[in-house]
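Each of the next two complexes has chain A plus one more chain, namely chain B in the first and chain C in the second.
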Partner chain A sequence: MSVNNRDPLVVGGVIGDVLERFTRSIDLRVTYGQREVTNGLDIRPSQILNKPRVEIGGEDLRNFYTLVMVDPDVPSPSNPHLREYLHWLVTDIPATTGTTFGNEIVSYESPRPTSGIHRIVLVLFRQLGRQTVYEPGWRQQFNTREFAALYNLGLPVAAVYFNCQRDNGCGGRRN
Partner chain B sequence: MLSSAKHQRKHRVSAPNKNKILNKVPSISSSSSPSHSQVQKRSLITMEEVWKDINLASIHHLNHHSQHPQHNHEPRFRSHNHQNQNPNSIFQDFLNRPLNLEPTIPTSLSGDATTVTALFGSSPLAPPATVLSLNSSACFEFLDNQDPLVTSNSNLHSHNHLTNVRSSDTPFEALVTSTCFGKKRGQESNEGSGNRHHKRMIKNRESAARSRARKQEYELELKVAHLKAENARLKRQQDQLKMAAANQQPKKNTLQRSSSALF
Partner chain C sequence: MATATPTDSMHRVWSMSSLKSSLPSAVTCRLPSPSSRRPVLISSPSPRLPSFSGLSPVNPLISTGLPGWQSFEDGFKIIDGGGRVYAMRHGRRVPKLNRPPDQRKALLRGLTTQLLKHGRIKTTRARASAMRKFVDKMITLAKDGSLHKRRQALGFIYEKQIVHALFAEVPDRYGERNGGYTRIIRTLPRRGDNAPMAYIELV
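The block that comes next holds the complex of A and B.
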């Protein structure tokens, strides 16, 4: 599968703001309740209070994968000076399984955007082997690229993102 | 700008006097300037005298004696005509002025700074407190009639802070614009409002671009879903046709073609 300019990840700016261009090679299926997350889907915080079900593809159970969930639009898309906010980090996910079989390094924190429409990105990386990943000191100002470089994860093998805005109203005008 | 040079000189000369005056302000008691003692009716007047003295257009301070009773009761947003030649552009000039302050100015501003602090200290709801002549091009007046004591105290406390603020244009501008001196924002600083508009426009455009991207995403996803559905349908149809074809085995192995027409 080739990535072209009409790829939702490119159109949505995820390629660029968060990730480098990559080629999908592993299936990634994220489901909140009954809703499967497709790129650009609008989901409200009330629907994502609990961690989603994540199922990944691949074939060899000996391959392990890392899932990163970040919000690059914190605190607001027009002023994302806290980019990125780490919502969830799961490592050592065996191929063909899901996050429940992995190692939850950073627990799931449900997104609660206060201002604007945020993109929430889930990225899947392939690990070289089982490895120890240290949790970052804080969730904000996380850098997925740097994280991948630090742990030799290489380019992503899959990614999906959705849009999330607050449940009620716009939150008022901001300066 | 010659007059401004004059003003500056006067300013420096009067600096020590100003400090004395300010020290006496909390006590409400007296004004160090003998010329003002005549007009002293209450602490407010003393305060006003202080600020008037600071006024760089201090040529007029002798005239202010007679005008004090009036000034106490009138809003003076635009009444500094008598003090300055360009009332409407005072603030703008001040803000537009490059930060090439002379070294003596901060000293002379120690009194002025307190006045300006009064401006910042007051909420936007309160009447603008002080019009201060920090430089020849700018002119401030003390307007707060309600609680000069409090204002003056806050001035004294925060004047140090203000002199620090003075070192950079942007925070000062920000403070000024945020306090809202009763004038429309457009009048405060041409540059500032232009920048604000520009920034707002840029942010708006980015937001619009994001919205368009989201819309395009939505369309793409719809298309993907549609195509997937059609693909599934076509596959099913193909399977059905295959089944039908398999059920009807042709008697001849070879395919028969109709004769090709010339047209």
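The block that comes next holds the complex of A and C.
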């Protein structure tokens, strides 16, 4: 099914800021502890300290997928000059399995937003075959579109996003 | 009807007390009284007035000195914003947010300050849709960029660093966009009181 204008990814601005329009073709289930991540869910940093359990669909074990987890609202949604921050990068995930079977290029770093409400996007790309992906030099200023173009990953096959803000409220007025 | 002849009718001067005494006494109207603000008491209609006739002028011979008493507006030359009073809410578009006007203004000022500071906030749907107008107004002031507009923005937004940052970055960020600088995304209701919530963010 293709994304329409009411799709949460379009409404939340993920398609536009991070991704292009794509057709969802693979199931993607991300679970933090007991909570399954749905689009736009509100999660606190204390609940996402450890990497989530990711299960992808598909049928053929010979297809490999790449999972990218980025935060497009760094350092603050009102001024995202460090867009995007790469939190996790796992390649060579066989279909129907999870990230534990993949190759973790960039280790999981739990999001700790300081200011505002950040969107955290998890994107799944399909690889043409087993390929070596080089980790980027630094985590910020990551560009998902360029990354996909660089490694010929094409359009995404699945994506999900959630919202994250700091634990103790907005921090008050800091002069 | 109380036929209290206006005392100064001979001078053709129209006064509030003459008007109030001439009206059918079953009416409570919000006409601003220049002197004191005593509430107008509703007394039982006098026997000479069998039915309620609204605010229409019952006695066309009231000496207001104005010829051509034709309709409702002619007799009521009240200098106000042109406001009419209806019993229903028809056509009123200002959201009240269950607050008195001063508190409402302070709430909207605080919300726009926080939105301009953080870029995305989560609040109730009514507040989010009420603050769109003020956020757009602030961004329009920043687009203009003159000193007068900057001072107007400083009078509305609570933190001055935000105003200066806004005036610095708005021309780049919203230069081509005409209006519609916010986006509202509805979300799950709040647990405590099931209030419908929404994210409002700067586009």
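The rule is simple: the second predicted complex is superposed on the first by the 171 of 175 C-alpha atoms of A that agree within 3 Å, B and C clash if a C-alpha of one lies under 4 Å from a C-alpha of the other, contacts with A are read in each partner's own complex, and residues count from 1 in each chain.
Rule of thumb we're sticking to: a residue touches a chain if its C-beta (ideal position, glycine included) is under 8 Å from a C-beta of that chain, and two chains touch if they have at least 3 such contacts.
This structure is a prediction, so every number in the text was calculated from the model and none was measured.
*Asks:* Mind checking the superposed model to see whether chain B and chain C fit together on chain A or clash?
*Replies:* clash
*Asks:* Tell me which partner A:Gly154 touches in the superposition: chain B (first), chain C (second), both or neither.
*Replies:* After superposition on chain A, A:Gly154 lies in contact with neither partner.
*Asks:* Given the touch rule stated above, what does A:Pro45 touch, chain B (first), chain C (second), both, or neither?
*Replies:* The answer is neither, since A:Pro45 touches no partner chain.
*Asks:* Just chain B (first), just chain C (second), both, or neither: which does A:Gly13 touch?
*Replies:* both
*Asks:* For A:Ser115, decide between first (touching chain B), second (touching chain C), both and neither.
*Replies:* Only chain C is touched by A:Ser115; chain B is not.
*Asks:* Does the superposition put A:Gly57 against chain B (first), chain C (second), both, or neither?
*Replies:* A:Gly57: touches no partner chain.
*Asks:* Does chain A have more residues touched by chain B or by chain C?
*Replies:* So, of the two partners, C touches more residues of chain A.
*Asks:* Output check: A:Ser78 vs chain B and chain C. Expected answer is one of first, second, both, neither. What do you get?
*Replies:* Touch status of A:Ser78: both partners.
*Asks:* Name the stretch of chain B, from among 81-89, 117-125, 171-179 or 189-197, that runs into chain C once the two structures are superposed.
*Replies:* Superposition on chain A puts chain C right on top of 189-197.
*Asks:* Which residues would you name on chain A as touching chain B in one complex and chain C in the other?
*Replies:* Of chain A, residues 11-13, 40, 77-78, 116-117, 163 contact chain B in one complex and chain C in the other.
*Asks:* Write out the stretch or stretches of chain A touching chain B in their complex.
*Replies:* Touch list, chain A to chain B: 6, 8, 11-13, 38-41, 77-78, 116-117, 163.
*Asks:* Under the stated contact criterion, what part of chain A meets chain C in this complex?
*Replies:* 11-13, 40, 42, 73, 76-80, 115-117, 163, 165, 170, 173, 175
*Asks:* Applying the document's contact rule, which stretches of chain C touch chain A when the two form their complex?
*Replies:* It is residues 114, 116-122, 159, 161, 165, 169, 183, 185, 187-188, 199, 201-203 of chain C that touch chain A.
*Asks:* How about chain B: which of its residues touch chain A in the complex?
*Replies:* 203, 206-207, 210, 213-214, 216-218, 220-221, 224-225
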